[in-house]
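Each chain carries a letter (A, B, C and D) given by its place in the written order, and its residues are counted from 1.
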Amino acid sequence: FQNKFGLAAPCRRSFGGTAWRSQSTSTSLDLSGIYPPIATPFMASEDVDYRRLEENLLKYAQVPFKGLVVQGSNGEYPFLSAEERVEVVRAVRQSLPQNKLLMAGSGCESTRATVQLTEKMASAGADCVLVVTPCFYKGKMDSRVLIHHFTQVADQSPVPVVLYSVPANTGLELPLEAVVTLAQHPNILGLKDSGGDITRIALIVHRTSTQRFQVLAGSASFLMAAYCVGAVGGVCALANLCVSGRWDEAKALQQRLIEPNTAVTRGLGVPGLKAAMEWFGFHGGSCRSPLQPLTEAQTQQLRKDFSNNGWI
Amino acid sequence: FQNKFGLAAPCRRSFGGTAWRSQSTSTSLDLSGIYPPIATPFMASEDVDYRRLEENLLKYAQVPFKGLVVQGSNGEYPFLSAEERVEVVRAVRQSLPQNKLLMAGSGCESTRATVQLTEKMASAGADCVLVVTPCFYKGKMDSRVLIHHFTQVADQSPVPVVLYSVPANTGLELPLEAVVTLAQHPNILGLKDSGGDITRIALIVHRTSTQRFQVLAGSASFLMAAYCVGAVGGVCALANLCVSGRWDEAKALQQRLIEPNTAVTRGLGVPGLKAAMEWFGFHGGSCRSPLQPLTEAQTQQLRKDFSNNGWI
Amino acid sequence: FQNKFGLAAPCRRSFGGTAWRSQSTSTSLDLSGIYPPIATPFMASEDVDYRRLEENLLKYAQVPFKGLVVQGSNGEYPFLSAEERVEVVRAVRQSLPQNKLLMAGSGCESTRATVQLTEKMASAGADCVLVVTPCFYKGKMDSRVLIHHFTQVADQSPVPVVLYSVPANTGLELPLEAVVTLAQHPNILGLKDSGGDITRIALIVHRTSTQRFQVLAGSASFLMAAYCVGAVGGVCALANLCVSGRWDEAKALQQRLIEPNTAVTRGLGVPGLKAAMEWFGFHGGSCRSPLQPLTEAQTQQLRKDFSNNGWI
Amino acid sequence: FQNKFGLAAPCRRSFGGTAWRSQSTSTSLDLSGIYPPIATPFMASEDVDYRRLEENLLKYAQVPFKGLVVQGSNGEYPFLSAEERVEVVRAVRQSLPQNKLLMAGSGCESTRATVQLTEKMASAGADCVLVVTPCFYKGKMDSRVLIHHFTQVADQSPVPVVLYSVPANTGLELPLEAVVTLAQHPNILGLKDSGGDITRIALIVHRTSTQRFQVLAGSASFLMAAYCVGAVGGVCALANLCVSGRWDEAKALQQRLIEPNTAVTRGLGVPGLKAAMEWFGFHGGSCRSPLQPLTEAQTQQLRKDFSNNGWI
């Protein structure tokens, strides 16, 4: 059994191979597969560069991915206005084939803003939304509060909801107990877990095994391990950047990816991703301020991480 | 020597007692003194309740404070739209006597949004702006990036800028070296430090002693210690809530305040502050979701922290 | 291909199946397999209870494990004197069949004490030693210092050395760069990694793939994932406690183990392990002070974690 | 009012000025004042260099300190055997005038070892003992466990006990609730707090104000602030190194000390302290391994921290 991308997933949870768009109810959306989290290109004025965005999409179209994550952390969504966030999703939907899933980040700090943006994302063509944990008042974001927040959002969302836990950015992990409770909500499909705690991922798979709850690894660094304990796919910036052919040798790919991927995800962040994009023929360019381009030394180190592993 | 509130500050830095509004240049704005960081009251619909806001301002007017912080962390600014943030500042300015300083929070994640909001805050009547560290990409927010961000904002701001470091919320402390560098900017007045690391506060005072850089303690919990090492004032929610008379016995007040204040600042957050406001005749009410009201047990514990220390 | 315990390890690194004791040089010691980290039973006086220790060993002998870890974190070694630590190892060696590997914890805070204890452990019959990172001066334990420490120990040790990183206890992770450098030492065999960061484990396997460096998972919670990215075995308290038969269905076992195992390793610690030992016919008993027995509530919760997963 | 060292302490708790040795009961031991925490000099062989230790004591004798801390964190106690720890205390007692207080570190991981070492320290001439929190099983060291530990030790100690919380080394802060409970024990005198959280220190002073519980700042970096909120003294490596005259201008001294002191306490540790000792005519020398001497770059930076502040 192989997924669309030829990536052998020897120990993941089995599930029916039904195409998600042919189903009538949200809960049957099949998340399994690999998703590039796309970056947002900017012009020198720091305005969104829609032309380059479209050119990147053409390039992504050559990779047999399952869909796209738009406005995830790699999309610099906290630097975009609500209008820009929706507009980018609309632009992507127009270019993206209908059989590709569009997962749009719609999380905001307040519940009301998240509900509103979620509705707009659905109208703009998102197949499901990715909702990050609110995080500014992190000391107050306990299970009670987060369950209330995500329940409100899922109750009112026209499309299925994927929970999003990314502690490196939020300083907050969506508590296991909250995940288990929320997994019972009919409009909550799964979790993108970018924390990479494999024990927690395994425990979530185990505790939600009677629901149809799907876990996506938030990074290529722990993609294979996550498959191994029951995740169904991953949101992997670099995986899709440099892998355009078949994943016949998944394990070797995993090994070669882990060093450059870790350099980006644990070290250099979006500026690192955008630098690497240029090396692979995508438009990367600058981030919005305050994010700054890599220093020369950082660029050289990152280049070494790619070349040492045979990618460039 | 006593400040306006009668709080003896035996070991703080000396400075001229000039009134801040009589000066022609921004750098002469004197921040010394105590500021309530006001909460934002909401209606049951979660819309801003401007009537109750104004009633609270009338009540604050009975306390001889130096000014108000509007849209700080206690104002739930991350839950307000940019328009609401400006509107609240405008409403406060209309009620606030001209001799009271209005410090408005204008920090956003992106530099461009912060610059824009800063200009609007100045137009709405803010005397200076309080600019929090961007924090979502915290792994990338090093000194280089933050110096660039705050310099851009200060260069373009029509009013003086106060740096704001609040690691409990942002997961990020504005690095000491960045503070020292930014202290040289003519439009950067000082720092509100809510981290409470007294060694760092003393070091900042020491390293900026040749500039006219002013440090405010971000909480009543370490107000007296901060004065002791050279801070010039504080932004203290509870201090102003329950102290309406003279601070003839500052030390005893400090001791009695530290337990309820710690309960709020380290434990219960804005919902705790709003609960306490009700006990002292202010309008508190609910927060915007996802923040939830205190549980019954939390309320009782907080009430005990106040009553044990003779406040209620 | 299955290991001795019938645990399918579909994606681990391949290695020769040679028996470790038939080799003439230390570097050929094959660590692959599963090791119970034995607890130290105490009498009511808190003296070591050697009789009960031996009875536990008889019980362990019914499980086809690869060997034993003696004086790991589960053995309460920080509470034993150097003499007691050696004496326990000597006692275990006398009962343990020669074809079972004895890995003895010999780490101390100072390099000199570690060298001395390592020699005594070898004399007492240890096949290899497990050397934890010194940790009290954790702020100073950088790669330079740790490479120096482990090199000194490995240079002088009569038996091969296994590095030991257990950040939950030491507050310190042996840096990746230090591991990669130390992997080149001919007397350093491998690493027991109890941190459970699967990205790091995969990266260590990748970066040391040209050496014969072997990684052991320090807990059953991430055993299968670690196998998946190239680890060769694990040190797993509960795995051996409750699994006495074949591991025909490794994945199901992993799933059922993760909840009780996490309860012990992330929550209840040695007192939890010792409580569970009693339920499976081993002698557990009390820990040395300051460790205290589980509270009644903790005991009930732990029992539920076992019974919910069908172990008791 | 000034203490022996001329250090104005304008806002500390008042207490009787009785000399501690003239009292018949332990609870009357007055801890107020400043204590150098002495380093342990080693020979090239890494054996304790008793001759140089004595020469250092002659140099300390020129400073009017209240007493000495022997075998604190700066004494590298985790690298010494129990016998060495006692022997160093005995050697210091022989050189130290009877009117100087000797506070000896006697903390070990197990309760039984701590009780035994405490008795030996008392026999060797310690006036009181400084007992650090056990820390290896930090996840289990909750209030219940720590109260039990310190109570056992205090019950059996022939001399008064001072609690010792040093989270930078132990990864563990003695919980506030445990401190408040333990403050009621007749043989527990006070707390050396090296964490530097001034809110916590103030809260401890406030919560123990009805007992005769004395708090010592664990570092010169926050000495003045600690005095300000009610601490009675401090254990300050550098303070005594470089200040041999009167502290007529305490505040200026504090300001000038904070930078080099922070460099040592938050950065360079014991190797930094020992380097600085040489500059002031003390014997510093090497630490025991694994601690290594400063690099050349670290030495230059530290020298600059001292020279910039006018100390060398």
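Quick note on the criterion: a residue touches a chain if its C-beta (ideal position, glycine included) is under 8 Å from a C-beta of that chain, and two chains touch if they have at least 3 such contacts.
Every value quoted in this text rests on a predicted model; they were computed, and no experiment measured them.
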item	value
Centroid comparison with chain D (C-alpha atoms), farthest chain	A
Chain centre separation (chain A, chain D; CA means) in Å	51
Computed distance of Cα centres, chain D from chain B, in Å	36
Sites on chain A at which at least two other chains make contact	266
Set of all touching chain pairs, with the criterion as stated earlier	A-B, A-C, B-D, C-D
Footprint of chain A on chain C - complex, ascending	10-11, 196-199, 202-203, 205-207, 209, 219, 221-222, 224-226, 228-229, 251, 254-255, 258-259, 262, 266
List of chain A residues in touch with chain B within their complex	46, 73, 78-79, 81, 109-113, 134, 136-141, 144-146, 148-149, 152, 168-171, 266-271, 288-292
